[in-house]
Structures are given as C-alpha cells and as structure tokens.
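By written order: A, B, C, D and E. Residues from 1 in each chain.
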Amino acid sequence: MFENILIYFVIIPLVMLAALGLCRNIKQIRAVAVVGSLGLIALSTVVLLQYLDMRSAIDAAIAAGTATEQPAMLFTNTWTWFAPLNIHLAVGVDGISIAMLMLSSIIVFAGSFASWTIKQPKEFFLWLILLSTGVFGFFISVDLFTMFMFYEVALIPMYLLIGVWGSGKKNYSAMKLTLMLMGGSAFLMLGLIGIYYHSAPEGGQLTWNLLEIVDNDAIPHGWQQFLFPMTFVGFGVLGAMFPFHTWSPDGHASAPTAVSMLHAGVLMKLGGYGCFRVAIYTMPQAAHELSWIFLILTGISVVYGAFCACVKTDLKYINAYSSVSHCGLVLFAILMLNETAMTGAIMQMLSHGLMTALFFALIGMIYGRTHTREITEMGGMMQIMPYLSVCYVIAGLASLGLPGLSGFVAEMTIFVGSFQAGMADFLAGHGSLRLVFTLVACCSIVITAVYILRVVGKLLFGPVHDDHHRSLTDATWWERVSTVSLIVCVAAIGCFPNFFSNLIKFTFDPAIFSVLGLK
Amino acid sequence: MDSVGSIILFVIVALSIVVFSILAVTTRKILRAATYLLFTLFATAVVYFMLDYQFLGAVQIAVYAGGIVVLFVFAILLTSHPGHNSEKLASKRRVLGLIASLAMLFIAGGSLLARCGALSVTKPDVATPDMNQIGTAMMGVGEGQYLLPFEAISVLLLACIIGGIVVARKR
Amino acid sequence: MSPVIPVIILALPLFMFIFLGLCGSKMKHPVAGFLGTLGLGVVMVLSYYTAFTYFFSGAPEFISAAGERLQCVMFDQTWLQFTDTLYISLGFFLDPISAMMLVVITTVSFMVHLYSLGYMRDHHGVYEIGFQRFYAFLSLFTFSMLGLVVATNIFQMYIFWELVGVSSYLLIGFYYRKPSAVSASKKAFIVTRFADLGFLIGILILSFYTGTFDFTLLTSAPVEGMSGVYHVDINTAEGILSTFTSHPAPVFMGASVLTWALVLIFMGGMGKSAMMPLHIWLPDAMEGPTPVSALIHAATMVVAGVYLVARLFPLFLMEESALVIVTVVGALTAFYAAVVACTQIDIKRVLAFSTISQIAFMMVALGVARPEHHESLGYMASMFHLFTHAMFKALLFLGAGALIHAIGSNDYTAMHGLRKHMPITHWTFLIGCLAIAGIIPFSGFFSKDEILSACGSYSTLVYIWMSLVAGLTAFYMFRLYYLIFWWKEHEIPAGHHAPHDQPWTMSLPLIILAAISCVAGFIPFGKLVSWNGEPYDFMAHFDWGVASVSLAVAVAAIALATVMYRKENALPAKFKNALPNLWKWAHLRFYWDELYMFITHKIIFNGVCRALAWFDRHIIDGTMDAFAAITHKASDVIKPMQSGQVQMYTWLYVIGALLLGGITILCLM
Amino acid sequence: MDYAQFLAMKQEIALLVVFLIVFLYDLFMPERSRRALPAVSAVLMLIVTAAGFFCDYFGVSAPTEAFAGMYATSPVIATIKNILNIGMVIVLIQSAKWANSEGMVMRRGEFYELILVTLFGMYLMISARHFLVFVIGLECASLPLAAMVAFDKSRYESHEAAIKYILTAVFSSAIFLMGLSFVYGLAGSLYFDNIYMALMGHNTKMLVVALAFVIAGIGFKLSLVPFHLWTADTYQGAPTSVTAYLSVISKGATAFAFLTVLAQAFGLFYSQVWEWMLYALIILTITVGNLFAIRQRNMKRFLAFSSISQAGYIMLGIIAYNALGVAAMMFYILVYIFSNLAAFGVIGAIENATGRVSMDDYNGLYKTNPRLAFTMMLAMFSLAGIPPFAGFFSKFFIFTGALQAASPAMYVLVLIALINTIVSLYYYLLVVKAMFIKDDECVIAPFRSACSERIGMWIAVAGIIFLGLVSPIYDSLIAIAQSSELSSFFLK
Amino acid sequence: MEITALYYLVPSLIMFCCGLYGFLTRRNMIAMLISLELMLNGVDLNFVIFNRFLFPGQMEGMIFTLFGIALAAAETALAIAIIINIFRWVNNIDIRELNQMKF
C-alpha cells in the first residue's frame, strides 16, 4: 500500500492529525502545521517531476515502438475495499489532478500561516487538516465512491470552522453553507450510484472506477440524460453555480481567514473538478446535449456574480461574489466541451484558487486590524499598511486579468476556446447559444475591473477614513510568508503559462472529444 | 338449512353482542361498562359453543369473564372516586371516533363482502377438535402443533408478572 | 543583427521595474531615480542603435535589394499554446513603424525620466512620497509600451496593451491620496477596459477565421530565402478577405464579418487613443503627475490606437467601410476636441484635448489613406505626425509641467505674464505651439500638411473639415500661450519667490525636445516609413497649394488669437456672451461625462447592479431561505399531530392504516 | 415428540440461560454482590455475543428449521441476532450507573430480567415462521418494555410514557391481529410458507386490508409514520437506558422481522401491494420524523424523532428487496446501534450526573466536557451520514441497495430520502452547534462520568469510527445476505 | 335461510368497531381497556369463525384464539398495573389529562 506515492497525500494529513493530538502548546501546533504543509508541497512537487519524467519516458517508448499510447493516468493503483460492491481505494493522477494537488498544498501552507494566531489552535487545525485530508483524497481518487467520501469529508469541517471561529452571523452562514453543499451532494450521491449501476455493459462487472467507466462507455443514453444533470448540479453547487451560489457570500463572509482561503481556493475547485472529471468525463453525450441548460446558468453566474460584487460594501461579500463569477467561468468553460476552453477552465481553477486565497488572506489580515470589512468605513490603507495594500492591488490586478498574472492566461484560454466552440456551433447551424454566452462572459472582464478598482480605490487609496486606523501596523512575518507564497504562484502561472497549459492539456483523454466529434 | 331455533339463537346472540358492545362503550358509568363487557363476553362464549368449540367457550368464560372482568372491577373500584364515576364525552372526539370506527367498518366489512362468495358457506359438518387433540397439539412439535408458542407464552406471562409486580409495587 | 539587443531592450525596463519595485523603498530617492534614468538611457541607446541599424545598415534582412523595407522577426517565443495553430508568442518584430516607435518611446521616456528627477520634488528639494515607486512604474510603462510596439502577433499586442493600461492606471493614480486622482485612474482604466473588450472580441473573430494571431500571416508574405523576414503583401490580406467571404456566414447584421472584426479591434484603438465617444478618460487622466501625462497621455500610449490601425492597415484596406468608420470617428473627434480645447481653463486639459484632436488627425490620415491616392500618403503622414506630435506634445506637456511646478496650479488664471520669469520655458513652449499650429518650418507643419493633402486627395469635404480643425488648433494653442505668458502678471505674495525657470534636469529635456521639434520636419520620413515598405518620395507629391492654404489658415488663426488674447480685453467675454450656450457646452465638454455618469451610475449601477444584488439577496437567497422557512412552517403545521393525547394518536393510527389499505385498493382498481 | 428440536434454538436458549442466571443471581445473592448485577449480565451477554461470532453458534451455518417450520434460523438470522446482542451489551454496560442508583436498587434485578425477556421476544419475532410465534414474540418484546418504561417511579413522565406506550401497543396489536385474522381467513394457515403458497393467485381487497393492518401493527414497533405517535412521548418519559434500548434494539429487530414477514409470507405481492405501501410509509416516515425533530429541545425526544426518520432509511433496505438491501439493512442497523447508543450514552451520562436533558443545557458543553461533546458529535455525524464515520457507509450502501432496482420510482424515493438527509443534517448540527458554538452562563460543569458509561461510550465510538472503514464487516454481511434463504424469495 | 360465515362475521366486526369507538372516545383509561377487550374479542371471534367455516379440518384459528385470550389477559393485567400507578400519582385516570409530553 505504501509504495504508491499518492497515498501519502492522505497519510501526511493523517499523521498531522495524530501529531496535533500530541501537541501541548501553540508552538508545537504551528510546527506541525508548517512542517506538514511543507511536506505536502514537497510531495506534490515530487509527484509533478516524476509525472513529467514518466510521461516523457512513455513518449520515448512510443517513439521506439515499445509502447502504444499514453495511459490516461499515472501512478494508478487500486486496493480493494468493499469487494462485493466493487469499491476500491483507487488512485491515479493526470496533469489536472497534479495541478490541483499543488494548488491545494500551497493553499494549505499559506492558510497555516494565515491562521498563525488563531484562538483554540488545536481544534482549528484539527478541522482544517481534516478538511485538507478530504481535499487531497478527492483529487487523488479515481474511484467514485472514495471520491465522494473524501468530498464529504472535506465539506463537514466547514461547519465547525465557520461556526466556532467565524464572525458576523456565523451560525446562519455555517448552517446555510453546510446544508446547501450537502444538498448538492444529495443529488450527487444519487447520480454516482446511478452511474455505478450503468457503468458496465449488460452482464459486465459494475465498477466505480472512473477510468473503467470511461473505457466501458456503457451508460445508456437515456440514463445519461438523467444522471448528468444530477452529478453536474451536485458538483455545481460547490462550484457556486447560479442559482445555487447563495451559500458562498454568507459563508465566506463569516468564515475565518484560513477557512475562506481553503474554501474558495480549494473546496470550490472540487466542484469544478468533479463536474469535469465525473459528469463530463463519464457522460460526454449527455454533456453535449444538455450543456445548453448549464451554459445558460453558468453564463449567468459569470456576469451576475460580477454585477452583484459591484454594489457590495463588505470586502468578503465582494470577493465571494467575485468567486461566483470566476467559478462560473470555470464551469462555463468546461461545458464548452472544447479542449482549449477546458484547459482554460482548469487554469482558471488554479488561478482563481490562488488569487482568491490571496484575497481572503489579505481581507482577513485587514479585518484583524481594523475589525471591519466595510469599505465605507475604511480608506487610505495604502498609507497605513503599504505591504498589505500592495498585495491587495496585486491580487486585484490578477483578478481583473492583468497579463503576467494568472488570471489573464486562464481567462484568455477560456475565451479563445469558448469562442472557437461557439463559432463552430454557430457556423454548423447548432444555434448561437455558446457564441452569445461567450460574448456575455467576455463582458465580465469589464465588470470585474469595475468592482476591483472600486474596492482598491475606496479601501487602499484616498485619504485615511478613520484616524484610529493610523496606529495600525503592517504585516507580520508570518503574514508575509502567507501572501508571498501565493503571489509567487500567481505570478509563476501568469509568466509561464505554457508549462501549466501543457501539463493540463496533455492529459485530456482524446476519447471524449472523439465521442463528441469535436476534436 | 339451519333450524329455526338455531337461527333465533344466533339472532339473539348476535344482537346481544352488538347491543352490549355498543352499551359498553357508550355508557357513562364505568362499572356498567364492565358489566356490559361481561355480557358481551358471555355472548361471545355462546357463539363459541354454537360453533362447537366447547373448550374455547369454557376458556372464554373462565379467563375472560371470570378473570379479566374481575380484574377490571377491582381496578375500577380502586381508582374511582365516589360520585365521580361518570364521564362526559366531548362531541368532537365522538365524531372523530365515529368516523374512524365507521371507516373501519366500511373498509373491513367491504373487504369481507368483496369475498362474499367464499364466505357464504354454511357451517361444515365436521367434528371439532376435542380436548385430547387440543392437548396433543399444545404439546407437539409437528405440523399444526404448538409447543413452541406454548413455551414462549409462558416466558411472556412470566415477564408480565414480573413487570406487573414491579410497576404496581409502591416503591 | 543578433536578438540579444532586442531582448535587452525589453528586459532591462522590466528588470528595473521589479528591482525598483522590490528594493526601491530601501534606497535613497536620488539613487532610485538615477538608476531608473540610467537604465532607460541604456535602453534608449540600444533602441537608437536598433532603429539606426534597421533603417540605415542596409542589411538584407531589413531592406530588400529593390529598396523595399522588410519586416524582421528578431525572435519569437511561444508563450501560451491554445491549439495547434493558435498560440500566443512573445517576440520582437522590427519593421519601419516599430523601429520608429522605439525611437519615439525611448526618447520621450528618457526625457521624462530626466525631467522627473527635477519635477518630482518640491522647491525645497524634498522628494515626493513614492518617488521610487514612480520610477518603477515609469519603467513598467516603458517596458509595456516597447512590448506593444514590437509585438509579433496581435495577442502579444493585446497583452502589452493591457499592461500599458495598468501602468497608466498606476501612474494616473500616483497621488493616491487625492480622491480625484483615484477616480480618474479608475475611470481611465475602466473606459479603456471597455474598449479592450471590443478589441478582444475582434481578435477572437479574426483569429477564428484566419486561424492565427501573427501579423506576418495576416498582412505579410515571407521573403524567400530568409527565415523570419517578411514583406508587406496585399495578397495575403486579400487571401484573408476571401477566407472571410468564403465562410458560410460572411455577413452579420448588415456588415461583413471582417468589418466587424476590424471595427471591434479599432474600438480597442479608440479607447486607448481617446477617440469619441471613448475619449472621456483622457482629460481626467491629467490628474497624474505632469511628466506622466507627457509620456503616456500625449506621446506614446495614446497613439497606440493609431499604431494598431497602422499595424493592420493592409487588412483595413480590404474593407472600405472600416476605413470610413476610422475617418469619420477621427474627423468628428478632431473637431470636437478642438472646440472644447478653446474653452478650457486648466492648461493640462487644453493640452489633453489638443492631444485628442491631434491623434484624431492621425486617425483621419489612416482612414483616408488608399494605395491609389499618392501610394497611401495618409499612412505615412499619420506616422509622421505621430512622430512629430510625440515630440512637440511632450515638449508642451513638460513645459506645462514646469509652469505648474513653478506656480503650483493648473489654471492659466493663476499664471499670466510668465515670459519674463521663465524664459526657457517660454521659448520652448512657443516652439511647441508653433509646431502644433503648423507654422513652417517647425515639424508640425510638415506632418500636418501631409495629412491635409492626403485628405484632399481623398475627399474635399474631409480636407476642408480638417483644415478648419487645423485652424482651431492654432487658435487654441495660441490662446493658451498668450494667457500663460502674456497678460498682466499677478502680484507676488510677500514671502514668496517669483516664479523662475527650473533646474537643468527639467530644462534640458525641454531644450532637446524643442530642438527636435524644430528640425524633425525635415526628416525624409517617406523614405523610411510607408505602408508597404517601399520608399516614398514625399517631395514628389508635395502640394504647395495645400501647404499654403494650411499655412494661411494657421496664421489667420494665430492672428485671431493674438487679437483676442494678446492682452486682457473684452473680446473673449463678448464672444462668450454672443454664444453663451455654445461656450458653456464646450466648456463642459458637451456633457459627455454627465452622459456617462448617467449611464454607468444611474442605469448600470443603480438599475442593474443594485437590482441584481437585491434580486440575489431577496429572490435567490430568499428562495433558499424559504426552503428552510417552509420546512419550519411545515413542522409547525403538523405539530398538532403530536398532541400528547393517546386517543388522537390512535385515531391517526387507525386512519393511517385504513388509508393505507383504502388507497392501495383504489390504486389497484 | 422430539423435544430435541429445542436445540435448534441455540441463541434463544443461550439467552434464556443468561436470563435464568440473572434471575437466580438477583434472587439469591446478598445485596452487596447484587451491585455487580449489571456487570454480570453484561459479561454474560458478552459471552453469548462472542460465542455467536467465534463459535458460529455451534454451527448455524445453514438454514435450519424446527417445530415443523414454525421456527427457523440461518446465518443471516444468527447474524442479526448477534448484532442485537452487541447492542444489548452496550446497553447493559451503559445502564449500570443508573441501575445502581438510589431509586433503582429495588428494581435492578427486574430491569435486567425484563430486558432479557424482551430480547428473547425479538429473537422469536425474527425467527418466527408462524404468526402465532410471531405475535407472541411481538408481545414479548413490547409488554415487558411497558413495565420498563414505567421504571422511573420518581418521575411522572415515566408513568405517562408507560401508559401511552402500553395503550398504543395493545391497540396496535388488536389491529395487527385483525389483519392477521383476515390473512388466516384467506390462507387458512398461519405458517409463513403456507400463507405464501395459499395466497398465490389471490389478490383481493381483503388481502390488501389485511396487509395494511399487518404493516400498521409492525409499523407501530418500528415507529413508522403515522403509527409512530407514541414514540416521542415514550422515549422522553422512559428512563434513558430504556429509551436507548427501545430506539435501537427494538427497532433493529423489528425491522428485520418485518422484512421476514413481508418476504416470506407476502413475497408474492411485493410489486403489486406492499412495495407501494412501504413507498408511501417511507416517505412519510422520513419526512415527518425530520420535521418534528427540527423543533425538539429535549434530547431524548429529539432522538426519538431522529430514530423515526432513521427507521425510514432502514425501510429502504426492505423496499429494495434484494440481497444488497438486506446486507445494507443489517449493516445500517449495526451502525445505527452504535451511533445511537453513543448519543444515548452521552445523554445518560449527563442526565445521571446533572439531571439535565435539554438541548439548551448542552450549550458550551465542549468547553467543560470536551470528550462527551466529542462523542456526541461523532454520534451526530454518524447519524447524519457524514464520512468517514460509519453512518456514511451505511447510508450509502442502503441507497445503493435501493437503487439496484433501477426503477424511476425508486430513484424518486431515494432522492426524497436524500433530500431529507439535509434536513436531518440540520438538526444534528443543531446539537453540534449547541455543544461547540453556543455559549451559556449555566454550562454543565465538568464532571467525570462513571466507568461503565465511559466503557459504553468508548465501544460505541470505536464502532462509529471503524465499522465503516473496516470493510470486512460489510463484506461478510453481504456474503451472508447473498447466501441467505431470503435471497430465494427475491428471485420469485 | 342459512347462517353463513358472513353472518357470523357481522357481530364480530361490529364488536371490533365498537371497541375502536370506545377506545378513541372514552376518557377513563379503564374504559379504554374495556374497549380494547372488545376489539381483541372481535378478533378472536374472527379467527374462530374463519376456522370453523372455511378451514374446518384444522384448529389453527382456535388455538390462536386460545393464545389470544391469554395475551389479552396479560396485556390487561400489565395495563391495569400501570393505570393504578398513574392513579397514585395524579389521583385521576382521565386519559386526556395525560398530556404533559407533547409536540
């Protein structure tokens, strides 16, 4: 079991949990959190490097004629769990999962630093690490059952994290968030079990393994029509798809810093990743036929979230609505069923994960000092806490798509891909829905600029609004570590997008596209 | 073709069952209710006799009429206050009770009527089990023999005795 | 030529930005300023070397044997691959206009760097807060602008297009403590962002049909025998036209798809170049430090739109209607801006409107350029005017900066009669005014004259219209000049120094730019820059008729200005009272800002955003909450079931059992 | 006369032996050693349980019948009895403190005797293949419970609960017997197998009515809506140990017996009649149970409604009507026993220490009694079906079993059930919220719970954590279910 | 005229329904128990009738009735014990006043 490197993504958090149990003071807790998350970063880096090596080795083998094709996933391994139901603990990664794993480990790292001085640290980190166990487990799983299990493992600690360490109307928000997300997973569970029962042709061995399901390609058409919406909505709720996004503003607003970071940065990605990996991967025909419904919904999400963000005055609300908009773009792009757009979607997940985590980290730090998140009650922060303000500007610029930062490359990939898909549809006489919504989604770049600059202008620039704020201090070293690690990643994606794009793109299973006749 | 006598007897018994049942549940005086219950039970025993189940009829009289009703009477005397022995019924409850019991009558009776073909049989002229057979059945383990229930109910009765004592005991 | 120098040209400013951005605050002010200036100086030298090599070395990759100037891709690195054919690369594209722009950008930028060393400190020598940041941003801007002009593909251009937008945002908002600066910077960014939306969609359309972003594949053909070397080829553009027309849906809403694409791309240009109706941000952008206005909002960034159209000129030639739109937009903007400029009080605003007007001139010149009229004289004229305008407008702005620095106010009402106190500023400013007014032999005369003759050969109407605008230009510039430097000087309050000329760091750039404005007109521009690379002998086409008319118009306008504003008199007031509404409308810029405020605030913000936010909180979220409320309500409704009454329990029990049976029976029947 | 047939009833006999030992121990031992009665009974039950697991009950490896088909046992039946035994052990352990408390000493022995007899009744219900045995088992499992509910003599609620319970119980048994008499009238026999054969071809209204009454009668014990109304009052009033016992053991046993009756006596009418009856009942049960649970403040009452809706989920295993469903149901019952007993363990500990049972009393519990709060939280999460706790697995498997049928109606049913899990999550989280998030002036002071209570909770917590993750448990259940005699009914 | 099973079933059913009515309406708990006895008695009668008329060859119904009587006795005894207990507490056996626990 332990020879597979991926399993350590679960083991490390579990070891961290055990170590936390032994901790006696805050220093030890911090040490556990930092060492553990560093370990996760190291692990994901090792996996990345090995992955690239293996891919190129297989490429070479193909060239030499000793191999025929690239496997869809590497590091695959399965261990039987519930044999009668054919449930396995099946792991495997492709470029997308690796990207997500790296994202998660970085955000966990940054989140640990962002919650340096949290009260009740032991419990806090306990839940936080349990949450990340779920996240990592989700990304390495290729078995629908374990995937779903980890998915829910990741959801529930949110309740306590928000409820105990949150602020504002935390009880309401925590409950709403938990219930809505679990509501999504109710649909999801139905969809997944349905997939299981149609995963093999008549008489074949039913399976939960994604790769086998895709290989079998046995889900009858009628069932796809039913199961696709179930799974897509199920994951879509976590992806903040309109109209199931309302947990997001309240939830984020009430959550403590690190939780907002992890939730917006990683958990919401579970939604997008799941939509792609489960809904579309296994049921491409239905995805093709029914995508219009969800295209409309996600297309609305994109602009709707952005418009709503324009009028909010609470920093977290603004960012939460902005997340609705950006995550809407992820789902939107996935539904384009076009390689470029999907690549863009994954990049957008990375990008949004990082920058929104950065945003929430900064908001948390500002809130920790000023004890307000109302932009109307703040102003001129640039004079008071220049470091945080500059980081905020950088995050804002990333969010509004400044070239050189991650948002731009992701959005542009999405727009180019969606436009191609839309025009192809349009010219083939399949209606102009994709095209129209691509253009609508493009408009978000303007609206995003509006709300980002509005915040930056009101919060950071201008005269100091409240003289009490003048005595506040700038970032501490741990806050700097947290933000710098995120900024570096944002810039790395923005400056060297091709590396990430290739990493992601390489692993798309061409089978999907050939089914759809799209490639 | 039944004899007129048996028809008359049946009518009387049936009527008394019906009438005393109704009286038992409508009378205001609780002691009277117990009395009417006794009459009903007697009438039921008569039915058992009519159906040639003498043993059953005897048990009915002995256990039910003799045992249970006496128990009731004791309980009534234990729990009743002088002059407090009549009760008033809320009309709403009565309507609800009537609805439920009429619905029960309608549905259960209807479902029986739906099988009226099979049920329209006269009493077959076969011998009913005598005491000997009953005794064997109670002690046997074969098909149609009831040793297991017999033993089981003994456990149940034991438990009920224990339970009854514990509950009724003052401390 | 090795690609090392181009790489350094791009990398050095970027490095300076990162270096100054990260370490600047730890440095002393002068060190940061000096490092920035030094870096830019090196870039300037390298750019000069590159441009000089391009134009004059005669190397085969730069000029063909027939004397045709070629386009050379110095390097091209894939940056982001979308599909097999569609990819963004970052490269360095050398052709006549990009070489010319290299010179313009680095020159003006260097002047501004130098100038700012003096400008960004007060009279006591104390540096502005954020001085280092200022230099970092200047470097960022220079990097972005250079990247923009040397883009090998339209997406690279878009990338740097965004970057200059952000640099502009940061620099306009440099005085971030001032709410007006903050809102101006926001406005600038959002308006241009809106335009960029059009640009982006245009790119998407174009790239979908053509399958490429590369300029070389859109407008040029490779030169045989050399890799990375191309020449402008109208056949390529025609091929693209036929790609568009042969697609199943060549027409969309009455215009061809190519027109749509080009117009949308031009929309991006309109935003950056402040063409009507997207011009509103530029006047406000004057909230930035004056050197920034000189660099970004006069000389370089705002001409990016012109540059964009010029870059895609062969494609624009394919669609007459697109060029007509360019012409019309340019002509209207030119006139509008000129009229408004006549009424402004803030000297930077006057210059800003003048900039809009002059850029519109360039747009018109491109719009009227046709190969059949003087070998597309307009194209060359536009580029020429871009060049000369950059120099004299930078000069004017820097001069204005010197004035503002001396007086501490932007209003000419606070100035008056400064010619004695500030002779260097006065003379250089005068040269700038003469140049922009088009007085021979200053540079503006030549470039404007070429534009007018290009208009003339295209259409008489445009010619007359643009001549009128040229006259207005001369009028408002000299109005400004007289109001600043003549009139009766103000009393100097006790304890204050009289205004005086600035230190050499500020004066030297003025003098250099003035010198260039004097002589630039004599550069044989047609030999260097033309739409298809073939040298063009301007003098052979020189139309003395046009030249003399324009000169006469300019002189007349100057004379009128002299009469009205030479010294304080009643004429302006009379004029104003004669046409009160016109004056008021012009002064308030024809209420464009109010219109925008109405649309953005009243309609979009209040009407859409607030409505949506309300909808979200109350309808969508309300629905979700309603689920919870309904559940609670349902719980209340069924509460009586659990009444505590055994008889009711059993009643329900019986009814339940009977219903269970009854309904099943009914269903079975 | 072959009295050796009694030897087929190994589990029952083992239980009766335990009963006898307890009885005699209580009768003849001096008062001081009688304090050890809880421990004695728990150890004895533990031995019985262990024997069940490790000795396979001396060979119940194949279906066996006795008394001419009146009684049956088989691996699946033996397993479900074992599962009940486990729960019983925990209940016995947890009840020790209460049983030895001041007011209970007088009735301590009777408590253990009665509880063992009720378990015996449940055994009979499960093993019965004749309705007479079934009825006796049913009564045996309900009547002594009424006495147990009334055990808390010092509390008025206990008596009210008892009278409500016994009146409803007797009433429901009357209805049940009415239905049974109809069945008898149709089939002429009370043997399940004979009924199954005799009813072939019949599909009369009488049968439907009879089935409705039978379902109502058993539904009473399972607390299916609308036959559930006694549940909350009784749970609230009864002593906590009895409530725990009622909510898990009684329910689990009845659920399985229900399946046996439906499959073996009325299996022919699955798709025509009782599938739809159960369909309606499940929806009602889950929904109404949840709706009432939302508004409860008393923890025991709260868990009563929670257990009502849990019963609905258990019924999904019956309506699935396949081996997966049976396995899932057994697993569900097992997990449910552990989760609910963990919750009742905490409630009992707190009640014994402070006498407080309101959810508001739990505010801020985590600050003072973190371990209790944690145990409670695990129980709540497990009941709500949150991974990685066992409840998640049991829910998932029971849905998987239900959906094997693949009929649209089943998908709708499962969807409704799933949506209800959200509601249930809401109220389970309310408890978590009270303990972890809320704060109060009069927080329950820190206290140390009795050793027995701690052992009980530790066992329950271990079960919550490991039952799901350790797959062989479920694997073996499914193997047993697939090989069981019930499987032959599913195929028909 | 012949007296068929159906005729016999009529009084038994009415007895059952009367018991039901009484159980649902009487306030006195003992009266409720009396009604319950009526119901159980009706059921017993049913068994016997079915046995005698339809399946005369065997005696399952009769035996069932026999056991049923025993069960009824046990139930009644226990119920009365509890009722007496209640009476000791509240000095009253009105079922409607036993509603402290509700909702």
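Everything below uses one rule, namely that contacts are C-beta pairs under 8 Å (C-beta built on N, C-alpha and C of every residue); 3 or more make two chains touch, one makes a residue touch a chain.
Source: prediction; values computed, not measured.
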item: For chain A and chain B, chains touching each; value: C, D
item: Central chain (distance from its CA mean to the mean of all protein CA atoms); value: A
item: Contact-richer chain pair [A-D vs C-E]; value: A-D
item: Separation of mean Cα positions, chain D and chain B [Å, integer]; value: 32
item: Separation of chain A from chain C, taking each centre as the mean of its C-alpha atoms, in whole Å; value: 37
item: Centre distance in Å when chain D and chain E are each reduced to the mean of their C-alpha atoms; value: 27
item: Chain A and chain E, separation of their C-alpha mean positions in angstrom; value: 65
item: Interface hub residues of chain E, defined as touching at least two other chains; value: 16, 19-20, 23-25, 32-33, 54, 58, 60, 63, 67, 71, 74-75, 78, 81-83, 85, 95, 98, 100-103
item: Per-residue overlap in chain D, given as positions that touch at least 2 other chains; value: 132, 136, 139, 143, 146-147, 150, 153, 162-164, 167, 171, 178, 182, 185, 205, 208-209, 232-233, 295, 426
item: Multi-partner residues of chain B (each touching 2 or more other chains); value: 93, 96-97, 100, 104, 107-108, 111-112, 119, 144, 146, 149, 153, 156, 160, 163-164, 167
item: All pairs of touching chains, each written as two labels joined by a dash; value: A-C, A-D, B-C, B-D, B-E, C-D, C-E, D-E
item: Residue numbers on chain D that touch chain C, as the complex places them; value: 163-164, 167-168, 171-172, 175, 203, 205, 208-209, 211-213, 215-216, 220, 225-227, 229-230, 232-233, 272-273, 276-277, 280-281, 288, 291-292, 294-295, 423, 426
item: Residue ranges of chain A touching chain D (in the complex, touch as defined); value: 80-85, 87, 145, 148-150, 152-153, 156, 159-160, 163-164, 170-171, 174-175, 178-179, 182-183, 186-187, 189-190, 193-194, 196-197, 226
item: List of chain B residues in touch with chain C within their complex; value: 93, 96-97, 100, 103-104, 107, 111
item: Chain E-touching residues of chain B, taken from the complex the two chains share; value: 1-2, 6-7, 10, 13-14, 17-18, 21-22, 24-26, 30, 33-34, 37, 40-41, 44, 47-48, 51-53, 56, 59-60, 63-64, 67-68, 71-72, 75-76, 78-79, 87-89, 93-94, 96-98, 100-102, 104-105, 108-109, 112-113, 116, 118-124, 126, 128-129, 133-134, 137-138, 144, 146, 149, 153, 156-157, 160, 163-164, 167-168, 170
item: Chain C to chain A touching residues, read off their complex; value: 78-83, 86, 88, 155, 159-160, 162-163, 166, 169, 173, 176-179, 181-183, 185-186, 189-190, 193-194, 196-197, 200-201, 204-205, 207-208, 247-249, 605, 608-610, 612-613, 616, 620-621, 623-625, 628
